[in-house]
Amino acid sequence: MPVLGQNQYGKAQTRVVRVARAGERHELTDLTVSVALSGDMADAHLVGSNAAVLPTDTVKNTVYVFARERGIASPESFAAELARHFVDAQPTVRGAVVDVAEHRWERLGDHSFARAGQDTRTARVTFDGRALEVLSGLTGLTVLNTTDSEFHGFVRDAYTTLEETTDRVLATEVTACWRHTAEEPAAVAAADWNADHAAARQRLLAAFAGTYSYSLQQTLFAMGSAVIEQLPGVAEIRLSLPNKHHFLVDLSPFGVANETGDGAVYHAADRPFGLIEATVLREGAEQRIPVELTRL
Amino acid sequence: MPVLGQNQYGKAQTRVVRVARAGERHELTDLTVSVALSGDMADAHLVGSNAAVLPTDTVKNTVYVFARERGIASPESFAAELARHFVDAQPTVRGAVVDVAEHRWERLGDHSFARAGQDTRTARVTFDGRALEVLSGLTGLTVLNTTDSEFHGFVRDAYTTLEETTDRVLATEVTACWRHTAEEPAAVAAADWNADHAAARQRLLAAFAGTYSYSLQQTLFAMGSAVIEQLPGVAEIRLSLPNKHHFLVDLSPFGVANETGDGAVYHAADRPFGLIEATVLREGAEQRIPVELTRL
Amino acid sequence: MPVLGQNQYGKAQTRVVRVARAGERHELTDLTVSVALSGDMADAHLVGSNAAVLPTDTVKNTVYVFARERGIASPESFAAELARHFVDAQPTVRGAVVDVAEHRWERLGDHSFARAGQDTRTARVTFDGRALEVLSGLTGLTVLNTTDSEFHGFVRDAYTTLEETTDRVLATEVTACWRHTAEEPAAVAAADWNADHAAARQRLLAAFAGTYSYSLQQTLFAMGSAVIEQLPGVAEIRLSLPNKHHFLVDLSPFGVANETGDGAVYHAADRPFGLIEATVLREGAEQRIPVELTRL
Amino acid sequence: MPVLGQNQYGKAQTRVVRVARAGERHELTDLTVSVALSGDMADAHLVGSNAAVLPTDTVKNTVYVFARERGIASPESFAAELARHFVDAQPTVRGAVVDVAEHRWERLGDHSFARAGQDTRTARVTFDGRALEVLSGLTGLTVLNTTDSEFHGFVRDAYTTLEETTDRVLATEVTACWRHTAEEPAAVAAADWNADHAAARQRLLAAFAGTYSYSLQQTLFAMGSAVIEQLPGVAEIRLSLPNKHHFLVDLSPFGVANETGDGAVYHAADRPFGLIEATVLREGAEQRIPVELTRL
C-alpha cells in the first residue's frame, strides 16, 4: 500500500514588474516569484478532496496584490512577507518556500532602463510557522581571469593525460547561495538586504579577481570565505562553479606558436566541463543549504 | 575563521555515443554522463595542493574508456561501474555520484536512427565505498488528457477568483525519479534495469491516462503508486509535475461560444504554472530522495 | 532625411490548442501561429497615427476565433485562411505572412496524448491579395547513420589537418522547407496537405537512411531530390543540415584501440559544427525560398 | 530531374577567445564566428566528388590562425579578412559570408573580467571577389520605458477588444543590423568600426529613451533614423522589435486599484508578443538587408 511522503505545491514563475514613480525619476523592480506550500494536503492526493487546497491561481493573485499594496523593498523581505502570509492565513498550510529571482536593469534616463544581463539576484525564504530561513544568492555571474591561475601536482592514474600548467585562463559562471542567521520575523524585517547583497556580490567578484589560484577549489574557498568574513550575519555559503574551460588552440601543425602570453588564442569549450561545488561555513555554524540547491 | 563544509567536484556532461555493430543491425547508445567525487579534498581548497585531486579531464577519459571496454548495458549499470571505480581506485576519493541521461533514438533502418525527443531516461548512482544507491528516472515526458479532469471544492480566500470546473484539459511534463532497494554490488549488477525502466515508464503513462482526476495531486499519487505496485524493488518515487495550463479562450466578446466539448480552443500558457511535487513511498520505506533533485 | 523601407508587424507565437471530440476518440491539434501584416503603415512610423493599424491583440483574437469556428484542417490551410482574411478584410493591409508550427502528439488512449518531440511541422503562407505562396516544412528532425558515410578527396591547404575517412558516423538535424506550385485559393483549399507532408517527411527520412554518402552535400541533394520526385506539386526545397559531428575518441594514450566498428565510442560535439545549406529545384522552377529562411 | 540551386557550406559557431597582454593590463576579445562559402560545389552534391571542397575543419583552423597572427581589431575587420582569404585563396570558392558575434566583457581588474550580458555585437561581411558588403548590428538589447508611451486611434474590427491607452510601459528587445556604404577593401580596412558601433548603439539607446511614442512603429523609425543621421557611412538599417508586453494586472476583484502611476504592478508576458520590423533607409539608398536576417 503506497504511502504519501513529502509533498508541496504552488505557483512557479509569476512574473511581476513594479514601477515606483513618486516623481520624475521612476524606479523599476522586476521579479520572478515561485511559491511552494505544504501542510495537510493528504486528502488531495488520496481521495480527491481539495478542501485543504488554496488554488495556485490564488497564490499568483496574492503575489500581485502584495506587490501592489506592500511594495517590494527587497527580494528577501518580499519573500518573507509572502511566506508568512500563506502559513498564517491558511490553517491547512504549515510551511511555505518562496523563491524570488530579481532581474537587474540599468538606468538610461529618468524613466528608461536597459536590462543588465550579467547576473540574477536570488532569494529563498522558508517559513514553518515559527522561524524564517533566509537564503540570498546570485546566478549567472560569468567571470574570467587571463592569468594568475596554475594547475599541477594532481593525481595521475592510467587515464590521465592532462598536462600541468603554470599559467592558464580561469573562467566560471558563479552560482552562490548564502544563509543568514536572522530568523526572527522582526530581525528579518529590519535587515538591509540590498546593502547586504551588494556587499556580498562585490566580495565574490573581488575574491575571484584577487586570488592567485592553484585550482578552482582554492578560488571557491577564497570567494566563500570573503563573504563569511565580510558579513557577520551569514552562517554559510554554497558555491557551484563550473570550470568554463578555455583551451589553448594547438596551432603547431601550421607552424604557428600559440603559448600563453600576448596574443594567445583559446577555444571556449561548451561541454564537458569541470564542476566544483562546496559549502563554506562560519566556524561552529550548521550546514543546512541542500547540496542540490545550486546545481546546474 | 571560515571552515570547509560538504564539497565535491568532477566532470559534468561528457557526451558519449557508442555503436554496437556485431552484424548488419547496429545498436546506438547515446549518453550524457556527469560525475561528482568527494573525499579528502580539503588541501585543494585550503592550501592550494592538488595532491589528492584526480583531474576532471581524467574523469572524462575514464568515461570513454569504460564505454569502449565494458560497454553500456544500461545507464544504471554503467553509472554503478564508474562510481565503484573512482572510489575503489583512488584512496582520496570516498564517494562518487554518477548521473546519466540517456537520449532515446528510434530505428529507421539497420544502421539509421532518428532521435526520439519525447523524454530522456535518467539514472543516478551513488557509492560510498560500501553500498550503492540507485535512482532511475525520466524527464521531459509531456502528456495531456483532453477530459476526465475536474477541479473544485478548493479553499477560497480574499484573493481567489478561480472558477470551479468539472471538465478541463490536464497536461504536465513529467519528471520522475525512483529509488531501488538493491544496494549490494552483486544485486545491482544482476538487475535488468532496461526492463525495469520500460515497465515504470509504461505504468506512469497508463496511470496518467487512466486516472479520472480531481486534482493534479491525485494524478501524481496514482502515478507514483502505479510504479510502487508494479516494481517490488522500488522503495520510493519522487514526482515533479508542472501544471501546463490550457485555458479556454473567452470568445464571448465576439459572440462565439467556446465551452469544453467538441472544437474547444485553448490557450497553452507558458508562465506562471502550478507545480505539484510529492514523494510516494512503499509502506515502511525511508524517504531519501532529496526534495530538490527533481525541481525544474 | 531617412526614409521608411519594407515594414511589417503582427502577433508572433500565439499558442492555440484545439480539441475535436465528436465521439469517444478525441483529436488534438497544437499550433504556434505567427502573423506578419504589411500595407499602408507609413503614418504609424512617421507621424504617430495608428489609423491604418489593426492591433496585434486583434490578430491574436482572430487566430482563436478562426480555430474555433473553422477548425484546423492542416497548418497550410489554416494559415491560408488567416492570410486571406487579413488582406481581404482590412483595406490598409496589402500583404500577410502566416507562419504555423505544429507540435506533434502521439496517442496514448481515446483522450490521452504524449508529446512527440521528434520534429515540428512548419508552414508559411504568404498572400499579396492575388496569389498564395505555400511553403511546407519541418525542423528539429535529428537523424544519424552509423555507417555508409565517407569523406575524402577534399582540398588540402596550409591549414588542413583533417584525416580522410571511409567510414564515419553521419548525423544532422534537418530543417527543410518546400514550396508548392499551388497558388490559386481554390487549389490551395483542395490540396491534401497532411498526406503531402507525411509523404515528404517519409521521403526525407528514407533518403537520409538510404544514401551511401561521400559528403553531407550529397546526402542533402538526395534528400531534396526525393521530395521533388515524389511530389509533383513541389517546385523547390531548401535544406539546412548542420553536421552534428561524432568524433572517434582517441584512446591510444591508454593502450585502447577505438576504431570504427563494433563498440566504437564517439564524442558528440556541440560547437563548432559544419553547416550545409542548399536549394534543390524542379527543372525549370524559379528559386524563391529566401536563403535566410532556414538558417539556425 | 532535380537541379541544384543556391548552395553554401562552412563552419558555424567557432568560439575563439584572444588575450592581448602587452603589459599588466590585459585585453580580452571573445567571438563566435560562422563562415559560409559558395562556389563551384556542384560535384559534391551531384556526384560525390569533394575535389572542390575545403573542409569545414580547415575553415575552423583558419579562424584560429588568423586570430593568432593578425589579431582582432574589430568584428567587421576580422570578418572581412577571413572573407577575402577564402575567396582569394581557393579557386573554387567564389563567395564568402562571415558572421561574427562579439560577447562583451566588463573589466574587473588588470586581468579580470565579468561577462556583460546586456547585448551581443554582431557583424556580417560578404565578399564576392570584388566588393565587400559590411553589416554591423546588435542583438539582445532589452530596454523599457515606464511612461511616455500611448497607443490609440487604431483600427477596430469585429475581433478587437483592446482598450486604448495614453500611458503604458513600452519594452522591447532590440535586434538591429545596419549596412555600410564602404565596399572597397581599403575603405573597409581604414574604418574605425569600434567607434562607429559605439556611436550607433548609443544613438539607438538614446532614441528609444527619448522618443515620446504613439506606437512601437514610431519608436522603431526614430531609432533607425537616429543611426542614419549620426553615421554618414550607413546606407540602411533593419530593426526587429518584439513588443515585450507588460500588462497592468487587474486587481479590481480584490478591491485594489492598479492604474498606471506610482506603484503600478504589471505582468510581464512571454507569448504571444507583437513583433514590429522595418527598414529605415538613407534617402536614395538601395534596400539590401534581407527581411529574414533579423527575425527571431
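To keep things simple, chains are lettered A, B, C and D as they appear, and every chain counts its residues starting from 1.
In this section, a contact is a pair of C-beta atoms (placed from the backbone, for glycine too) under 8 Å apart; a residue touches a chain by one contact, two chains touch by 3 or more.
Not measured: the values here are computed from a predicted model.
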item: Any chain in contact with chain C as well as chain D; value: A, B
item: Rotation in the CA alignment of chain A with chain B, degrees, nearest 5; value: 180
item: Equivalent interface positions on chain A and chain D, same or different at half; value: same
item: Mean-CA-position distance for chain B and chain A (Å); value: 23
item: Euclidean distance of C-alpha centroids - chain A vs chain D, Å; value: 30
item: Rounded Å distance between chain B and chain D, as computed from the means of their C-alpha atoms; value: 38
item: Multi-chain contact residues (two or more partners), chain C; value: 15, 61, 65, 159, 161, 254, 270-271
item: Residues of chain C touching chain D in the complex; value: 1-15, 32, 34, 36, 41, 44-46, 48-58, 60-62, 65, 89-90, 92, 151-157, 159-162, 213-218, 220-221, 224-225, 228-229, 236, 242-243, 271-283, 285, 287, 290-293, 295-296
item: For the chain C and chain A complex, residues of the former touching the latter; value: 158-159, 161, 253-254, 270-271
item: Complex contact set, residues of chain D against chain A; value: 15-22, 26, 28, 30, 61, 64-65, 67-69, 71, 105-106, 108-109, 111-119, 140-148, 169, 205, 208-210, 246, 249, 251, 254, 256, 258, 261-270
